[in-house]
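Here chain A shows up in two complexes: once beside chain B, once beside chain C.
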Partner chain A sequence: MLRTPTAWTRCKGLSLLATRPTWTRLRESAVSNIFLVPIAVVFVVLYAAPMGQSFFYSFTNFDGYSNDVKNVGFLNYQNIFSDPTMLAALGYTVFYALTTTVLITVFAIPLALIINRKFFGRNFVRAIFFFPAIPSVAILGLIWGFILNPLGDGVLNTVIHALTGLGPIPWLADTTLAQLSTVAVAVWTLTGWHAILYLAYLQSIPSDFLEAVRIDGANRWQTFRYIILPLLTPAMTVSWLLLMTNGLKVYDLPITLTKGGPGYATTTITQALIQDGIAQAQVGQASALAVLFLLIVGIVVLAQLGLSRMLEGRYS
Partner chain B sequence: MSLFRRSTPRGARARAIIAIGTAAVAIVAMAGCATSNSGSTKTTLSFYSWDAAATMKPVFAEFEKENPNITLQVTYGTPVQGYISTLQTHLNSGTAQDVFIITAENKQQIMDGGFAKPLNSEPFISNLAPAAKATYTKAGKVYGAAISSWGGGILYNKDLLAKVGFSAPPKTWDDFIDLCLKLKAAGITPFYEPADGISVSLAALVGLENAKLGGKMDAEIFSGKTTFAKTWTGALTQWNKLFTSGAESRSVAGLTGDQVTAEFEKGNVAMIGTGSWALGGIQTAAPSLKLDFMAIPGASSSYWAGAVSPGYAINAKTSHLAAAEKFVTFLQSTKGVAAYQKATASITTTKDFTPTLDPALSTMAAAVRNGEFYLPQVSWPKNSAALNTEATAQLQELIQGKTTPAAVAADLDTKLKTLGG
Partner chain C sequence: MRTPRHIWTSVIMIVLACLVALPFYYIVVNTFKTQAETASEPFALPTHLYLQNYANVLQNTTIVQSFFNTLYVTAISIVLMLVIGSMAAFGRIVGKGRISAIIGVVLVIAFLVPGQATLVPLYRMLVGVHLVDSLNGLIVLYSTGSIFCYYLILGYMRTVPAEILEAARIDGAGPFRIYATIVLPLIRPILITVGVFQTMWVWNDFIYPNVFISSPQNETLVLQVYTAVGQFLTDWPSFMTLTVIVLIPMVVFFVVMQRHIVSGLVQGSTKG
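The block that comes next holds the complex of A and B.
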């Protein structure tokens, strides 16, 4: 039987590796491991050490100023569950992460299908949809604050009044509207970016597949449902992971739009962390929240990855 | 393999590297010596400034002219949160500047932690206003030297108020509500106040209650002698009339100070609740507006909101104590205060200098210089940041009509209890 060049090369490589002396292999692996040292140092200094520190502080009354700290056991964790502010922040953060993930996915996939077609000015349209993801979210928050100004001369209220005669709508001054407004701005900002991600995967679908289903008489919906959507599941895994993790960590958009209000309607976990740790000098309490938050994010991301892998497995 | 590698033996290359390294170390060390030698007669004093460079540079230039042996090394912070967090890190790691700022937001930690040197023995201490001294005093020790205060009240557009026959500031809160309703009936938006903090009108109304209790209200709340429910409910009920009567739009629940100021500058609203610090910016943005301040009218008398500005503190661990004392002394001197007042147009409060103020501030100047003002978050002896966050959130709910004045006050009592009093 003839071996393909790739398989032959692979076999040859393996046999050479097997016959190489142990010290040579050790030296080679040591050399390649050296290249991992910088990233390992960065990980330890910027992530592992602060995480360990936060874990330690979460059992203390550390205020960020004095190093004379006392062990308070699980008191900080207990306080989190009895503090309505923290629970409100947790509720809104989960609401924000879930709704933005679902809505962006629902809008980004059809958008990707549209901008994948051939039409005049296609690249310009792609750029337009991608653009909102470029400026800093803080700047977008300020611009949207101007648009959603709850007074009569807010941009959106002016347009609505001109078209319908309706009085000013308190976009950012009402609990429910403020929550929906922040989600809407996030969806507007990120849909284009995720559409481009889906577009990249769409373009990797072999045209033979699409031609074959067309010959078999599948309509557009059937092509999308049975060919395109299953082949987009890896893209959905990446997109959902990014949306969920960024959604759970969100800080900049709600803070620039509403500063967490009205009340605690749009307060996020990250904002609560900063408020506790810095403004209120309760670093111990903030650390306990950070540790809990890390666990929650870990569980959510693992569950979501499991779901994505299951879908990928079913469709592949 | 490169040509260089082939032509240079390993030993020679190693020697060359060692030689270059040694030379580099020697150069750095010599440079260090040069700095220290040249600076033997000069002291470099580090200062973490609260105010921006444009404001403070003339003040620093004046100081360095008077003290040629002291060079200021200034870092400019970004108040409030950025400044507080950076200083927190510096103090915790023992790398804080020689002189820094103590504010309402960090005074508890700085005074409790012994991070600032007590200033009681400094010659300028008698020149400080009593309110300034009291703000940064704990157990008889003064930790901060503040040279100015600000007042907060109702800033009004004279032309818009003239349209409804306004001649003198209202004497009671009900008169003020009537004035607002009159403006509204004339098609003029009467009054806005941002809801991103405790508003100046509410602060002044609570201040009247504090004045009634001889200025001891907060001390008594924190010691458990009285409660927020007993002392705040009346003021909150009065303040809430703004929204129940329709004098002020409930939409302000989502407005920031900048948005309210912008509306006022455009002439879209007749009156706003703000502080003296906003006047300069408004006059620059809208020079044609004719402006004046009025105090917040209560049930029978009027009062101002306001607070002592951040104070200068000397790092307890400074190795340049003499220079730091010279610098803080200069900042309290007539020359230093004059330079600061010129740059900021603020209401300075040191005893030996009378500031020249904008006419719009004339109504509040005497009261502010006498310390007749109130701001809860500065007056609360501890946990002020946590209580301020809670109060702001509760007030936004009250503005929306989702809670009651009594419930807001009761919530503050609960919050204080969870914070440990």
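The block that comes next holds the complex of A and C.
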């Protein structure tokens, strides 16, 4: 006898519904756990095990090869704070994270307000500002390396020389200028991206609401300060969180632009960690830096979440 | 009445946008020039169609190989992380047991761990299993992205009415069938969004290839551009040409996927 699949499944479904024994539920729950196995494997193999190793080796003098691993207590951690290279890397990374966060916020919010208005060429402007966030930062770093080349043939120096007659400016060869140049290129790559993020939040503000505020006699600045800015606080906390954590993790841009130089002026924590742990196989030392880095990022994330709760509580 | 301000906004913003785009103009325009022209007239349009730089790059570099390497790593990694992430999200939705809850908490912690904190042990681990300097080794590393996928997919899956899954179950469909034939088609929009977002990460990534890949035949596109700086030390137009060729897939991707990139940005930032 031929039965249509629907009739068949309906029959089976009805019988299940009528007498569903507890073991079916148990089995279903066990089966649903099978779906969690792959991600559990990813977590154990690629997160938990390496984290455990980093933590363990950070208290040892492990050099990657010898079996003579000794417990050295907090020596590796102390070394970080007495090694000028490490201190330079910590200092520059924090400087980079803070300055990019501040500058990108300061540029992205006005940009978002402008590209939220209607004007001719708006889609073009949005796309162009957003585009630098699309290609690899490493490649953008290399491109800017040509533009900022400290030798006379860097195109920016050529232009400056043609306009003002000034000699070559050592954009990437002077300590301070190199640090500022990396920040400037980062601002160029990410301002449009964060402006689009703010724009998404701006667009959720009903326009008749802003219209009502205007009719009530609020001027432009008042509307921005007391209406728009508070409504943007969720966007700001998200944007700052991304900028701060990505800023602390930065690696591509300084290394492609300056190779971490001049000296150690633009060496980042990540670069120092790779040099120590992989190139020089000082696993103990690198592990201490990794654990410290994890703590810094963790503290920043928690502080940001706390701040965002506080701000959102105050404004809503 | 509204014209003056509106026009000024247009003019100023278009000029600013052109300034922002100037570095791209600079490198594209110089790929069609000889070295001498590049030095003397960096911003001028090329006087004639000079394609020697392109021929030079295509002949003297392994760029085609690198392109396929990058494509292979990106495609497999994205499929892998979408499967792992969506399976986990589905498991969390249907499984109400203790294991499911524990995994939920554990994944929050994993989400906060920066890749750098595990880099050195992962390197040693991959050396142990002979996956250093291997494209498959990169795929293993990128599978860490499945946790980000899991988060976004979980958020989206919570909006799928539970009745649909319940109805399928009553109809006798097992969990695997529900996952494959009902859940996956339903969550297609978020799979595309997350997929686009993660494609940009894997395709553009520099740190993993730079640390884990050493032989030229295993280079990804980004790594190849980086190592080519030494190769083309004095030949800037060739280097710029290589850069432009590598940028082309990203431009196409941007034009086709712009909407998804923006929605990924918004969803990724509100849930991430």
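Heads up, the rule we're going with is that the second predicted complex is superposed on the first by the 271 of 316 C-alpha atoms of A that agree within 3 Å, B and C clash if a C-alpha of one lies under 4 Å from a C-alpha of the other, contacts with A are read in each partner's own complex, and residues count from 1 in each chain.
Keep this in mind: a contact is a pair of C-beta atoms (placed from the backbone, for glycine too) under 8 Å apart; a residue touches a chain by one contact, two chains touch by 3 or more.
Here the structure is a predicted model, which is why all the values come from computation and not from measurement.
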| query | Which of the two partners, first being chain B and second being chain C, lies in contact with A:263: first, second, both, or neither? | reply | first
| chain B versus chain C as contact partner of A:175, first or second or both or neither | first
| query | Of the two partner chains, chain B (first) and chain C (second), which one does A:34 touch, if any: first, second, both, or neither? | reply | second
| message | With both complexes superposed on chain A, which partner does A:66 reach: first (chain B), second (chain C), both or neither? | response | first
| Who touches more of chain A, chain B or chain C? | C
| message | According to the stated criteria, A:85 is in contact with first (chain B), second (chain C), both, or neither; which is it? | response | first
| request: Could you tell me if A:128 is touching chain B, chain C, both of them or neither one (first, second, both, neither)? | output: second
| task | Please work out whether A:275 is in contact with chain B alone, chain C alone, both, or neither, and reply first, second, both or neither. | result | first
| remark: Dual-contact residues of chain A, meaning touching chain B and chain C, are 64, 145, 153, 274, 278
| Of chain B, residues touching chain A in the complex | 81, 84-85, 88-89, 91-92, 105-106, 108-110, 112-113, 115, 195-196, 249-256, 259, 263, 266, 268, 383, 385-386, 389-390, 392-394, 396-397, 399-400, 402, 418
| In the complex of these two chains, what residues of chain C are touching chain A? | 6-7, 9-10, 13-14, 16-18, 20-21, 23-24, 26-27, 39, 42-43, 83-85, 87-88, 90-92, 94-97, 99-100, 103, 106-107, 110, 112-125, 140-141, 143-144, 146-147, 150, 170-176, 179, 200, 203-207, 210-211, 222, 225-226, 229, 236, 239-240, 243, 246-247, 250-251, 253-254, 258, 261-262, 265-266, 269-270
| query | Quick one: in the complex, what on chain A touches chain B? | reply | 63-67, 79, 82-83, 85, 145, 149-151, 153, 168, 170-175, 178, 258-264, 267, 274-275, 278-282
| field | Partner chain C, residues of chain A touching it in the complex | value | 9-10, 12-13, 16-17, 28-29, 31-36, 38-40, 42-43, 45-47, 49-51, 53-54, 57, 64, 114-115, 117-122, 124-125, 127-132, 134-140, 142-147, 153, 155, 158-159, 188, 192-193, 196-197, 200, 234, 238-239, 242, 245, 248-249, 251-252, 255-256, 269-270, 273-274, 277-278, 283, 286-287, 290-291, 293-294, 297-298, 301
